[in-house]
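First, the structure itself, so that you have it in front of you.
The letters A, B, C and D name the chains in turn, as written, and every chain counts its residues from 1.
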Amino acid sequence: MEKITQEDIIKFCHQNLILEFLGAKFVPIENDSVRIELFVGERHTNPYGLLHGGVMSTLVDTAMGAECLAQNKKVVTISMTVEFFKPFPVHTKILTDAKILRDGNRIVFCECKLIDEDGAVYAKANATFYVIGKVKE
Amino acid sequence: MEKITQEDIIKFCHQNLILEFLGAKFVPIENDSVRIELFVGERHTNPYGLLHGGVMSTLVDTAMGAECLAQNKKVVTISMTVEFFKPFPVHTKILTDAKILRDGNRIVFCECKLIDEDGAVYAKANATFYVIGKVKE
Amino acid sequence: MEKITQEDIIKFCHQNLILEFLGAKFVPIENDSVRIELFVGERHTNPYGLLHGGVMSTLVDTAMGAECLAQNKKVVTISMTVEFFKPFPVHTKILTDAKILRDGNRIVFCECKLIDEDGAVYAKANATFYVIGKVKE
Amino acid sequence: MEKITQEDIIKFCHQNLILEFLGAKFVPIENDSVRIELFVGERHTNPYGLLHGGVMSTLVDTAMGAECLAQNKKVVTISMTVEFFKPFPVHTKILTDAKILRDGNRIVFCECKLIDEDGAVYAKANATFYVIGKVKE
């Protein structure tokens, strides 16, 4: 397969219009991969003034999909489980930390933590993805 | 417990600022409960031009929480699993159909379908919630 | 496709040697499908003298797989989530109540309740299956 | 809290009669914790002659519960998700590798891998547990 660059991944990820709408950023990181960052604002909150679990779900789903892209796989999510460890406060930056656990031809298994800038973990997701095509032939 | 009205639920739900930001509506339905409706626009999409799974996750999480409110329980999500049956198209209205499966004192188990106006099911979630307090004393 | 009979399903299910070992029975039911029944004994218990969640997981996984067989699909489980509503007592019969939620060509989504003979629900599972072949050509 | 020893954990775990019935062993490991080992036999198999997912679910559920015991917490499982990466062959030893991700007062979040003796991962579970009491006062 042709090498997928971080630019390729980020370009594809920007087509997630919901991530743009939420204000998330795609940032290249050391292992040729990409991390999502979101500075949490009032508009992302639940009734307790904390980051809504649905936004957390959006970040992890997209970050795991981006890991698949890095393997030259376009995917759709089959199922995703998110576990919420503790509330994430507003006016703070949240980061994704995703990785592939099992890279099958048809099914890819991934996990993703949501962390703050000190590395504390606030939520963890695991998901299964179905491979629908390649990013580059 | 004092009766929780649909107005109580909707008022509380409007404090989910992310739902306002996404453009979702809370609509009273027959069984004293509340349903979420979202007219899916470009800003809600993934790179394939379809509704992003994270938005679906946001809708089901909130709709299940609203079911707990109807039982006079404020809750936080412990864990949520979403299964994605088929893609949901843009320019279409998506609706939640949530219910409580097991209403414990401390833990509430819920499920929620995402349907279109004809009742076709596009995704299904199940989740566990931890009870943190009452809506009304 | 050739019609899959309840006898076909039960014959195939009996090749689940673990179910035989646990003492489970496969019982034909009205909708051309099959239900698993287990009379819970001491050997199935956890330290609290109640049915172990792992046995419950074994029953639901197998029952959902049997539903796929009824659609002429041999499957392997991709992922399964089980939610435990309340403890199931020993010296009682537990029954599965499985159904298919979305029957895709490659991926099948199922759910399964665990009930007692009065229909009370003790646990609920949902799972995704990957289709690996047909029962009958 | 009084120190929980590996002997305490193993003694408690042996009250999981289903694990005895399956032939599983509880083995003390380096970090004061306990690992479950099962030599997979014909009686543990699915129709494909491979380890049944339900047995895998039983092992991970119990191993995660044992991690909670090591924190002096008796728990019941609220929900568990198991993802099946690849089939595990018969006549081979399978091992658990469990850890706590978030140790709350009421809710504990755990994960567990199932590995062979070379460390290859065959399945991964994550689960939430509700704390019902202490092992030692």
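In this section, a residue touches a chain if its C-beta (ideal position, glycine included) is under 8 Å from a C-beta of that chain, and two chains touch if they have at least 3 such contacts.
Just so it is clear, the model here is predicted, and its values are computed rather than measured.
Peer 1: Need the most distant chain from subunit C, centre defined as the mean of C-alpha atoms.
Peer 2: Relative to subunit C, the chain with the farthest C-alpha centre is A.
Peer 1: Whole-Å distance, subunit A centre to subunit D centre, using C-alpha means?
Peer 2: 29
Peer 1: Between subunit B and subunit D, what's the gap in Å when you average each chain's C-alpha atoms?
Peer 2: The mean C-alpha positions of subunit B and subunit D differ by 33 Å.
Peer 1: Can you compute the centre-to-centre distance for subunit C and subunit D, using the mean CA position of each chain? Integer Å is fine.
Peer 2: 22
Peer 1: At least two other chains touched by the same residue of subunit A: list those residues.
Peer 2: Where subunit A meets two or more other chains at a single residue, that happens at 78-79, 81, 83, 128.
Peer 1: Is the way these chains touch best called a line, a ring, a star, complete, or other?
Peer 2: complete
Peer 1: Would you tell me which residues of subunit A are touching subunit C in their complex?
Peer 2: Against subunit C, the touching part of subunit A is residues 78-79, 81, 106-107, 128, 130.
Peer 1: Could you please specify the touching residues of subunit A with respect to subunit D in the complex?
Peer 2: Counting only subunit A, the residues touching subunit D are 81, 83, 85-86, 101-102, 104, 109, 111, 121, 124, 126, 128.
Peer 1: State the interface residues of subunit B toward subunit A in the complex, per the touch definition above.
Peer 2: Checking each residue of subunit B against subunit A gives 12-13, 15-21, 42-48, 52-55, 57-59, 61-62, 76-84, 87.
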